[in-house]
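Before any comments, here is the structure.
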Amino acid sequence: MAHAATAGRVPERGLDVYTQKVGMWVFLCSEVMFFAGLIGSYVVLRFGAADTWAEPGDVLNVPVTAFNTFLLICSSVTMVKAFAAAQEGDQRGIKVWLLATTLLGATFLGVQVYEYIELVLHKSWEGSHGFTPAAGLYGATFFTMTGFHGFHVLLGVICLAWATIRAHKGHWGADNTHGIEVLGLYWHFVDLVWIILFTIVYLI
Amino acid sequence: MSEAGGHAASAADDHAHEHPKYMLIWLYLAILTLLEVLVAFLAIPKWMIVVSLLIMAVWKALLVALYYMHLKFEPNRLRLVALAPLPAVAIMILAIMMEYV
Amino acid sequence: MKQRGRALNSQLRNSFSYGGKSMRSHFWNRSAALLAVVAMAACGGGGGGSSEGAGDAAGEAAPAAAAVDPSTVGTISGMANFTGGMVPTMEAIDMSTEADCAAGYGADGPMAQNVLVSNGGLANVFVYLSEGVSGAPAASGAASLDQVNCRYTPHVLGVQSGQDIAISNSDNLLHNINATPTENRGFNISQPRAGITSTQRFAVAEVMVPVRCDVHGWMQAYIGVVDHPYFAVTGADGSYSIANVPAGDYTMTAWHEEFGTMTSSVTVTAGGTAEASFDYSGEMMGADVPMGEALVLEHGTKRIRVERIQ
Amino acid sequence: MDWALPPNYSTFGVVIDQLFWIILVITGIAFLLVEGGILWFCIKYRGREGARAHYTHGSNKLEIIWTVIPAIIIAILGAYSAAVWQDIKGASNRPADALEFLVVGKQFEWNITYPGMDRTLGTADDFTVLNQFHFPVNEDITILLESEDVIHSFFIPELRVKQDAVPGMTIPVWFDATQTGNFEIACAELCGLGHYYMMASVTVHSAADFDAWQASRASETAQ
Amino acid sequence: MATIVAEATGQAILHEEHEQSFLRKYIFSTDHKVIAIQFLIYTLFFLMIGGLLAMLMRYQIAWPARGELPLGGIFPETMVASGYILPEFYNALVTMHGSVMVFLAIMPMLVGVWANYLIPLQLGTHDMAFPRLNMLSFWAMVPAGILTLASFFVLGGAAGAGWTLYAPLSARPDLTGVGLGQILWLLALVFIGLSSILGSVNYITTTINMRAPGMTWMRMPLTIWSLFITAILALLAMPVLSAAGIMLIFDQTIGTSFFLPEGGGQPLLWQHLFWFFGHPEVYILILPAMGFTSEILSVGSRKPVFGYKAMVLALVSIAFLGFIVWGHHMFQSGMNPTLGLAFTVSTLFIAVPSAIKTFNWMGTMWRGNLQLHSAMLFAIGFVAMFAIGGLSGVFMASTPVDIYIHDTYFIVAHIHYVLFGGSLFALFGAIYFWYPKMFGRVMNETMGKIHFWLTFVLFNVVFFPMHGVGMVGMMRRIYDSTGYAHLQGIEDTNALISWAAFGLFASGFLFAFNFFWSLKKGKKAGANPWNATTLEWQTPSPPKHGNWEEIPVVYHGPHEYSHPDVEDKDWLAQNERPDVVSPAAGSH
C-alpha cells in the first residue's frame, strides 16, 4: 500500500521556510523553556513567601528601568527597520539601523550595570547594607532573572556588532537577508522576555 | 518548486504587510509601557493591578511576536513550531502551583 | 493539609545558621567593592576583610624549630579553678541506641562533659598565649583525637596551625566528624569502622573549632588552633603547664565551653616558672563563649542550650 | 533467600499488600504472555533457508484490541489505586482525634516528641526522646513530620509507612498498628554520609504499657 | 528550496574533502559521521567508568564488614581507608554512577551517536542543518567529561547527593562535606544541557526541513521518528534542568536560597523542576532504543514493522504524556496528595502506548523469517527486558503500592530493566547493526553471540533478584544494610548479585575487544550487509564525506521486506521504484 500509488507524488519540502529560520525558532523554543524554568520558580517562590517581597518602586528604580524598557523597544524597531532595509537593498539603511540597534542594546546593558551597582552599593534591604542576590528570595530571583536576560542581551549585542561590521563590508543585501532576519528573531525574543520580566519583576 | 520560487514567495509575503506598520507597533509598545508604569502605581486593589498588567504584558508580547517576529505572516507549520513549548510551560507552572491549593 | 512555615514548636528546633554566613557577606562586600572599582575606575575600596593573611604569614614566618636554648625559656603553670560553689550536675547521656558504647560506662552511665570539676579544679579549659608571642617554632608531631565509646577523647584539644590532627575511631560503628570552623576550611568526614584514621589540618589560628558527630548528637569536641606551641588544656584536676616559653611579657587567655574566656597577664623569666590561674564562678554559666555559632546539644531527653550572647 | 514483603502490622498495610498482589497477578500474566510469545516466535519463526516472511503492515483490529484491553485494565487499576490512595493520604481522611507525635529528622537521628500524659502536643509535659518511637497499638496515630536540615524519609516497613520529611514543611502522617511488636524506623531518602545509619527503634505497646512507659519517661525527664 | 540549499552545501562538502587537514577531518570535524564516532568513543569510555563505579558499590553492598577492598590501596585515604570504602565515597559512587551513566554514557550514546549518524543518512541529506553547531555539541561534552572526572579528586570528593541532586543536601556543603565536587558536577550538567540543546536544534531542524525528496513524514524510518521525538523532549526539558542547575549553583556559591528553607526557599521546587526535566529524560533514554529495536527487528524478521502508524502514534503519545507524569517520582515527597492522584492516572496511562509498542514488536516477529544475528538477539532481548521493566513500573505507578516500594531496590531493579535491559541492550544491538556502515567491517558474530548470552543471563541474575531485595524493604543508596533487623537474610542475595555484576562488567570487555578487533580483522562489509531497505544502506560503507553523490529520491515507506511483488530478493530499498525492480509491482 505504501509504494506504487505514491511513487510519482511531488516530494515534500519541509516547512517551505528556510532552514536557518526554522533552526532559530526551534532554538527559541528551548529558550522559552529556560526562561519558563526561571520565571516559574519565581512565581512559585513568590507565592510561597509573598510577605518578603517589596512593593514596586521601594527597592527597584522603576523610572530608570521603564526608560530601559523603552530603549529595548526602540532597538526592536530599529532591528526590523534594518531587515526592511536589507530586503530593499538599501545599504545605507542596513548600516544605520544595525548600528542603532547595537548601540541601543549596549546602552540597555550599561543602564542595567548602573542599576546593579546602585542596588548592591546604595540600597539597603532588610536592615543589611546592599541589595544583593543573597538578599532573600526577592534579591535572588531578581538578579537571576534579570542577570540571565542581561546575558542574553550581551550575546545579542555581540552578534549585532558582528553583523554591523559585516554590513560595512557590504555583506547584506536584497539577496542576503537571512542572517539579519534570524538575528532579528533572537533580538525580538530577548525584547519579548524583557517585556514579561519588566512587568512581573518591577511592576507587580 | 524551485528554491528561487519558495524564496521569492516568502519575501513577497513580507513585502505585502510589514513596512507601514513597524513604527505604529513601536508607538503601541511605547504607550503600553507608559500605561503599565502608571497602572502599577494606581491606588486600586492589587489584583486589578496584577490582572491589567498581565493583560498589557501579554498584549505587548503578542505585538512583538506577531509583527516584529513576523509570526502573523508565517505559514501555520512554523507557528506550530513557535507555539510548541507553551503547553509545556503552562503544565509546569500550573502543576507546581497546585502545591498551594 | 500541610502547614507550611517554619516552626510548629520552635523550641524544639535547632535554629540553624551557616558556618559560612559571615563568609557570605564578605563575598558580597568584596564583590560590590570590585564592581565599584571596575565601574567607576576608582582606586582603593578593596581593603577590607582579609583575615586569613595574617595567620598564614605567621605560620610560615615562624623560624625553623631550632633546638630550644634552655637559658632563654621558662615555664607557665597554673590552675583553672571553679569557685562557684555548687557544681552544676551534668546530664546523663541516653546511649541506649548504641548498646556497645553504653556498655563502656559504669553503673551511672555516660554523663555530659560540659563542666568537669574535681576538688575545685576545672578540667577542659583551653589556655594559650594570646598576645606577646613573636615567632614560634613550626608544628611538629601529630595531635590525636580519638572516638571511644561514643565520646571524643580528648574533649578539648589544642593544636598548632598547620599541625596534623590524627582522628581515629576506636568504636566499631559509624561516626562522622563534622568540624565547623569559621576562619578555616571545615570538613565533614566519616569513619564507619574501628581502626580507621584520617589526618586533617587547620591552616589558621582559631579558638575554638567545634567538632561534632551527627550520628550521635551528644558527641562534641572543641579544637583550639593557635599559631604557636604555647597552649595547654587543663587536666582532670584543673592544672596545666606550658614549657619552653621564651622569656617575656604575655597576655594569656583561658577558654571554657560554658564559662567563656578570661585573660591574665603573665611574665615569663628565663629558667623560671610563672604562675597564672583562672577562677571561674558559677554565675558565668552561659557566658559569652566565643565561637562561630550557637550550639544546641541534644542528649536524648535532656537538652542543654549554650547560646552565644551578643 | 526470602523475597517477600515483611509481615504487615498496620491497617493500611492490608490494602497495600492486597493491591501489590493484584498487580503482581496482572503483570505476571502479561509477563508470561509476552515472554512466552517472544520465546515461541524465536523458535517457530527462526530463519530457514529459502523461507519467506509473511508480508503485512499490521492489523487495525489487533491494534484496537491491544490498545483497549490494557487501557481498560489500567483504568480499573488506576481508579482502585486512586481510591486507596485517597483513603490513606487524603487530607479529609485524617483521623480527627488521633494521638499526635512530633517527629523531627536530623542528620542522622530521629527526634520524637511525645505528647505526654495529657495526650496533646505543645504542652508543658511534652518530652523528646532520641531514636526511640513508642506508641500504643490499635489507636490512630498521627505524626507531624519535620526535618531540620535535609530531606529524610520516614520508613517503617512493617507498617507500610513511608513519607519524606522536608525541611520547612510539617507533613502529617497517620497510621494504626494492629499488633504490638518491635521494629525500626529507617531513612529511605539519601540524607548524607550517615544515611544508612539513621535508624531508630519502634515499639508498639498495648495501651496500658504505653501509658506506663510514658509516665516513667516523663518522670525521668522532670527530675 | 531547502533541498537545493542542502544540495549546494553537499557539493561544497564533497569538494572540500581532499583539502582538509587531519585536525579538521578527525578532531574538529563538522562531518556528522565523524562527530558520531567521536561521541561513540567518548560514551563507551564513560560507560566503562560508570560500570567501574557500580562495581565498587556492589563490593561494598555485598561485603560491608569485610574491608580489604582489592586494590583499595590505590585510592586516596579520603575514599578508601583501611580497606573500607568510606560512606562519603560510597555516596559519591552512587551519585556519579547514576549521573555518568545517564548523562555521559546512555544519553549521548543514544542521541549524540545515533541521531548524528543516522538522521542525515536515513533522511537522505548531505549533513546536518548546522554542521558547526553539531561540532560544538560534541565539544561541549568534553569539558563536561573533564569536570566530572576532576570532581573525584577535589577536596571533599565528587558530588554525593544522588543523581537527582535533591536540595538541600546538594545545596549545603556543610551537611555533606562535599563542596567543589558538587559545583563541578552542576557545571558539567550545564555543559551537557548546552550540548544537548544544540544537538536537538540540529536534529529537529534537519528532520523538519532536509528530508530527501519523497521522504514524507510517514515514510521516515521509526529510528528517525524516535530520534526526532527524543530531540523535541530534550529541547523542551534540558533548559529547565539547566535553569534549575544554575539556581542550585547560586545557592551554593553566592548565597541565594532558592531551595533552602532557611531563606524561604522550597526544597520541593527543586524536585518539581528536576522531575519536570527528569521524566522526559527517562523517555529520552528509551525512545531512541525503541526506534533502533523496531528497525532491527524489522530487518531481522524480514518483515515490515507491524503497525507502523500505531508505533508512530505511540511514540508521540509517550512524548506528550512524558511531560505530565513527572509527579510520580514525588508521591512520597510531601507533594499535595491531590496532585498525586492526577499523576497516578496519567502515569498508569503511559503503560498503554508502551504495551502497544511491545505487542507491535511481537507482531513484527510473528510469521517472520528471523535472522538471529547478534544485533537481532539484542533487539529481541530489548523487547523481553523492556517488558519486565514496563510491567514493574505498574507497581510504582499505583500510588498505594509506591508508598512501600518507593526508594527501595524495587525501583533500582525497575530502572535498570529499562535503562540497561532496555536502552543498553538496544544500543549494543545498534552498534552491532550499524558498525558495518560506520567502519566498513562486520563485528565478529561468534564473539557477539557469546557477548549477548553472557550479558542476557548475567543481567537477569543481577537485576531480577533486586525486585526481591526491594520487596524485603532494602532502601536505595544504603551503604550497609546489615544493621537493619528487617534486612537480615538478604546478604546471600546481595553477594550473588555482586558476583553476577562483576561478570556482567567483565563481559563488557569482550564487547570492547570485539569492537576494536573487528576494526582491523572484521569481515569486510559491502554497502548493505543486512539487505536492509533504509537509505543509509544504499550508499557505500563507510559513506564518504557528504554521504551521497546525488540525493536519493524516496518512493515508499521504510521497511518493505518480503514484498510479494518483488521476486528475486526479499527487500525493496526506499529509493528503489518497485515497478523498476519488478514490473509486476507497477500494476498496483
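Going in written order, the chains are labelled A, B, C, D and E, and every chain counts its residues from 1.
The criterion applied here is as follows: a residue touches a chain if its C-beta (ideal position, glycine included) is under 8 Å from a C-beta of that chain, and two chains touch if they have at least 3 such contacts.
Just so we're clear, the structure is a prediction, and the values are computed from it rather than from any experiment.
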Touching both chain B and chain D (chains): E
For chain D, the least number of touch steps when starting out from chain A: 2
Chain at the geometric heart of the assembly (C-alpha centres): E
Leading chain pair when contacts are tallied as C-beta pairs: D-E
Farthest-lying chain, centroid of Cα atoms versus that of chain B: C
Distance from chain E to chain C - Cα centre to Cα centre, in angstrom: 51
Chain centre separation (chain A, chain B; CA means) in Å: 13
CA centroid of chain D to CA centroid of chain E, Å: 31
Multi-chain contact sites of chain A, meaning residues that touch two or more partners: 2, 13, 15-18, 22, 26, 29-30, 33, 36-37, 40, 44, 48, 132, 134
Residues of chain E engaged with two or more neighbouring chains: 1-3, 5, 86-88, 175-177, 208, 236, 240, 254-255, 261, 265-266, 268-269, 272, 334, 336-338, 479-480, 563
Per-residue multi-chain contacts in chain B, two or more chains: 1, 6-7, 81, 84-85, 88, 92, 96, 99
Residues on chain E engaged by chain C in the complex (per definition of touch): 65, 67, 77-78, 81-82, 84, 86-88, 155-156, 174-177, 254-255, 261-262, 334, 336-337, 479-480
Contacting residues of chain C [partner chain E, same complex]: 1-2, 6, 16-20, 24, 27-28, 174, 176, 178, 180, 185-193, 195-199
Residue ranges of chain E touching chain B (in the complex, touch as defined): 1-5, 208, 232, 236, 240, 268-269, 272, 276, 323-324, 327, 335-336, 338-339
In the complex with chain A, residue positions of chain B that touch it: 1, 6-7, 9-11, 14-15, 18-19, 22-23, 25-26, 29-30, 33-34, 36-37, 39-41, 49-50, 53-54, 56-57, 60-61, 64-65, 67-70, 74-75, 77-78, 81-82, 84-86, 88-89, 92-93, 96-97, 99-100
For the chain A and chain B complex, residues of the former touching the latter: 10, 13, 15-18, 21-22, 25-26, 28-30, 32-33, 36-37, 39-40, 43-44, 47-48, 56-57, 62-63, 66, 69-70, 73-74, 76-77, 79-81, 84, 87, 177, 181, 184-185, 188-189, 191-192, 195-196, 198-200, 202-204
